[in-house]
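Take a look at the structures listed below.
Look at the two complexes coming up: chain A is in both, with chain B in one and chain C in the other.
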Partner chain A sequence: MKKEHEELIESYADKLSLSVLDEVKITVPADITKEKLSKIMEEIVAAYESAKVNPGECVGLVSAESIGEPGTQMTLNTFHFAGVSEMNVTTGLPRIIEIFDAQKEIKTPTMEIYLESKYNNLDAVKKFAAKIKETLLGELVEEYSLNIFEQTLKLTLNKGLLKDYDLTGKEIIKNFKTKMKNFNLDSEDNTIIFTHKGKAEEIKELYNLKEKVKDVKIKGIKGIKQVLPVKRGGEYVILTSGTNLKEVLELDEVDSQRTFCNDIYEIYEVLGIEAARQAIINEVYKVIQAQGLNIDIRHIMLVADIMCANGIVKGVTRYGVVSEKASVLARASFETPIKHLINAALEGEVDNLTSVVENVMINQPVPLGTGLPGLVTKMK
Partner chain B sequence: MADVYLNSKFIGVTDDMVNFVDDVKDLRRKGTLPEGVNVYFDKEANEVHIFADEGRARRPVIIIKEGKSLLTEKQLKQLAEGEISWLDLVRQGVIEYLDAAEEENALVAYREEDLTADHTHMEISPVVISGITTSLVPFGNYNQSSRLIIGSKNQKQALGFYAANYHLRMDMDVSLLHYPQKPIVKTKINDVVNYDEHPSGQNMVVAVMCYDGYNMEDGVILNKASVEKGLARSTYFRPVSVEELRYSGGLIDEISVPDKDVKGYKSEQDYRFLEGDGIIYPEAKVGEGDVIIGRTSPPRFLSSLDEYNLSNSARRESSISLKHGEHGVADFVVVTENEEGNKLVQVRLREERIPEIGDKFTSRHGQKGVTGILVPLQDIPFSASGIVPDLIFTPHGISSRMTISHLIELIGAKVGALAGRYIDGTLFESEKEEDLRSELLDLGFREDGTEIFFDGRTGKQMLAKIYVGNMYYLRLRHMVANKMQSRARGPIQLLTRQPTEGKAKEGGLRLGEMEKDTLIAHGASLLLKERFDADRIILPVCEQSGLMGFYDFRKNGRAISPLFGENSEMSDIEMSYAFKLLLDEIRSLGLYVKLNLKNKY
Partner chain C sequence: MATDMIHHTLVPKHAKISESEKEKLFEKYTTSAKELPKILKNDPAIAKLSVKEGDIIKVERKSKTAGISFYYRVVMNE
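Moving on, here comes the complex of A and B:
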């Protein structure tokens, strides 16, 4: 690119944003004349100016309407995936509510685990999937037998499963030998025998043990309840039900740049607030696309911005975003009015009537649109 | 071994349940046991139940033995000739009544062709799977079940000949259809329920086509000439009743023409229809505000003696008059007494209702629609033979709802009208569509029911052939005249000073939360303020205390602060009354809400 062209483009730095200038630099053909380029730049400035939001435009309300209006159509057609290959993930309005309310316990936590290229073959994927899946002892047991006279509990394990998981009884015992204080452990082939040390008064203890060993984790990552390797565009992706982002990202096989989960709160804790913001945008957009609706992504970005503005994820609820409103009257008009009024009275709060709801309440012009500008004159 | 229960009480045991049950059935069929006994073997619970108590819903079915109906041709013939009756068939053990329990052990065939060796009973007719109103839908078996339900629900709302003694009755909010007709396409149930004696619709010529979009989104178009000739015309009745209430202290209301010095006297003009007894005369044409029954009531509070002495002048006016937008003709007057012995006067108002834009019509197939326009005769499409439709129905109503019966009825009634006979459209037993079509062909019409049509406005032949025929259409009770309402200004609520809500109170249409949002989204904040000015007030507010003051008219109307009295700066502040009310209520909680005043400019 000629230097004079570059200078010309640079001279627009006060009118256009840097990213726009960079894009122009890349796309403009090298043999363009200076006159043509300056004409193009003027056009870009005009387009840029007309795309700007006017002062006093109530973007939040427009976003709310733009999300809310198609949302009414969403309530009725919550569809489910039929079939074995896809997992049943919450979609539709319930999912939107889940995200916008920033609920900590989501209904169907899932992860999409991407793998480093050298592990991206069927055998490795299968092995990896089996490795991360949380396996409990209870799943392997074929038969429990309690012997009251000898005070023993005998577990018979499924041979096929043991082979699949590449385990033996002896290896399993190692996992929790130290934790067992009152029992001696022994293993033979596919059986594990617990023998009570000394004399036990009650059979209850043995029975409690049986319930307890069911939930003992043998291998895998905590929280990963199911794994499902799927082939997506030439590479394998592992979908999971249940999440544990922190531990999964630490594994060598995992491509930590692309792996994510659908739990906004977990992303916030592991990856930080910016990642959480992006997760909100992605998750909401995914639902909207699945429903076949057309909502501009900037509306969702605005909501995500508001939710993450304070460095922590806040839901659009009376405990979250709404509690941040400056106006007492606006907060009181949303939910639990008496609580807000009494707290305001205790603190001696002043409402400066700067926003919409409070001005509608007292019948004053709303400081937006035509109500925003004031006229300043010199008084003699 | 199974327990045996009689009317749910344990009475014994049996080893051979099947034979036991069969024995009971046989004895009942023979007449040894009463006909009302039902017996049922519950296999899962291993219990035999015999029911002979009252209050069980039962239904009759024909008994089947070894795959053959016990009802013979001979018996049918005898039945037709009146030699035997239904009860004879029950006594002979040909027909028996099953209750819900015994039905569990029975296998009932719908029709004779379906019979197998396993069947124990057969329906008298397949129609019995549906109820009375549902069976009134002709060709109902061609429909989706949900449409059948909607169709039968619509028929309940149809205007018709609802009671033969209607002219003596004081029913609230009823209508009477003028010239109701028997349906050309009927079902067997129509005859069973004597539908022809109290029909509720009219046979109209229906064209399935569009007409400038006036029948889009479930609209129907009516022929204005047909309407003027009396199509679907009805009369609306509404009673007004007044009684002389008794109050404590021997005081009583009085039905009479109120004296001029009565509190709340309207104007002489308003009382012009009242006769000497204070009641309107029959056939008086009354309009908005006219008094129907004149009445005065004793004063509400008897505070001081002097008011008590001027008894007549203190009486209140409590007449019944027509409210905003109401009119009609006084039809019938009844003077009687109620249960407490108070004088009771009832006046029935009558109003002729000519179909207009917004009135609701439906066929019997759940295809309801609202009148979009009344087309004058000269503009209406006409067929090559000069037939003009009474009603134009939109073709878009059919595709998604799949009411095939609607289409078949159109052909059926066309055949019926041309051949001069009634068509049977009974559920599952209707005349065959092919037969109707070929009969239509024999009558000289196109077999598919379409005809060449011409546009009434241009006289040009229409490109498509139009599906046209007769249909039984019903006028539904939802009429715009009862629902339409408008207001520019009017009554307000006492508490909030905001407009009242609802038609009865001449209320406004609320500009709600979401409507408010749209104005804000457009940035039209001053328009929004103006819209919400309905309860606007201007209040004096004290600048020091931030409290609302008052005007003291003993001191030439100066604004006074509640805290600082006259020594205060008072400013007039504009706000909504509802907000003032909110401030008052918060103050009643014991909170000091202060208005900090500041110059806006």
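Moving on, here comes the complex of A and C:
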């Protein structure tokens, strides 16, 4: 393509979107004259302008209907893929609700960990997977024995597991050194012995110790409960159950650009509000596609934009975006009306009736479509 | 922090815009800073931009529908 043609197309950058300009560049024949090209561009601008959403169009309502209608056809329950080597994750309507409500505790937190290319072979992946899995002492113990007379607790560890995790009793003890004040520690082969220092009469303390010891982290990353390496298009990806995005991203083996989790809040905290918005869109779209439904992505983008407009992730709930509404009546029409009305009365709140719901309530024209424009006098 | 979170695929490019660009922006959309969407000052994506309250951040989003789209956020304290 000639340089002047390219410049001509580029000069429309503020009128047309980039994807349109790119399409023009590809489809226009190289030997076109400049006059014809500029005529084409004018036509495109006209078509683009007429395709835009009109001012006053109620896009939110259209989005709500577009998401709500196919939503009724979604599966209501989590699928259980018995025997399939993928992990069980929340899908369908429960997942959509989870995302749009911006729930802090999601049902099945998972991560997809991508690896740097030099670690992308079976051995390294297996080793890495074992490394990040959170292992608690309780999983390794074969037998607990309490000796009341000597005030000792003896743990016998599973030899096979110790070998798998590449650990010895002595190494495990190191995890305790700082935390145990009343006990002496000793280790032989695959046993660990806790001896009470003072002369405690009661056995209670030993019992407490036994329970406490079970939950001590031996190795791995906190929160990563299960790991599952899978092969996906020529490379290994590790799926996890449980998330810890921040710590995983800091590991050397991990491709810190592509690794992500399905917990919107965690993404917001680690990567920021814009990443959270993108994650909402991706996660919702994933669910919709998995269900074989077809919703235009713009609707989801709109909802995600609203949820992230205030710099923090707000769910579509009465505590989130609905609480932001300026009108008392609009808030009262959503949920817990009495509470909103009483609070508004106590605070002497003023409702300017600028939006839709409150005007429907008092039987006035709503500011939508042709009801939106009004006469304005410019005072200068 | 050891890893740079800014290069993550989920994080679009964030940039601070100058005062003159700010004026142009407000004129183009006939808006003001308080009507723009917000971003918190301690947001991880703008940690390295040394921003203060009231600055405008231009976000260069990769969009499935428009190729690249620009979005503007105003920096807020908490």
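What we mean here is this: the second predicted complex is superposed on the first by the 338 of 380 C-alpha atoms of A that agree within 3 Å, B and C clash if a C-alpha of one lies under 4 Å from a C-alpha of the other, contacts with A are read in each partner's own complex, and residues count from 1 in each chain.
Just so we're on the same page, a contact is a pair of C-beta atoms (placed from the backbone, for glycine too) under 8 Å apart; a residue touches a chain by one contact, two chains touch by 3 or more.
The structure displayed is predicted, hence computed values, not measured ones.
Novice: Should A:371 be classified as contacting the first partner (chain B), the second (chain C), both, or neither?
Specialist: First partner only, chain B.
Novice: Under the stated touch criterion, which partner chain does A:19 make contact with: chain B (first), chain C (second), both, or neither?
Specialist: second
Novice: If you stack the two complexes on chain A, which partner ends up touching A:345: first (chain B), second (chain C), both, or neither?
Specialist: Only chain B; A:345 stays clear of chain C.
Novice: Quick check for you: in the superposed arrangement, does A:191 touch first (chain B), second (chain C), both or neither?
Specialist: neither
Novice: Between chain B and chain C, whom does A:168 touch in the aligned arrangement: first, second, both, or neither?
Specialist: A:168: touches no partner chain.
Novice: Within the complex, which stretch of chain A touches chain C?
Specialist: These residues of chain A touch chain C: 17-22, 249-250, 256-258, 260, 267, 269-275, 278-279, 282, 297-298, 301, 305, 308-312.
Novice: Under the stated contact criterion, what part of chain A meets chain B in this complex?
Specialist: Residue positions touching the partner: 56-58, 61-62, 64-65, 338, 341-342, 345, 350, 356, 360-372, 374-375.
Novice: Contact residues on chain B for chain A in the complex?
Specialist: 516-518, 520-526, 528-529, 532-533, 535-536, 574-576, 578-579, 582, 586, 589, 591-592, 596, 600-601
Novice: Which of the residues in chain C come into contact with chain A in the complex?
Specialist: For this pair, the touching residues of chain C are 1-5, 7-12, 14, 37-40, 43-46, 59, 61, 63-69, 71, 73, 76.
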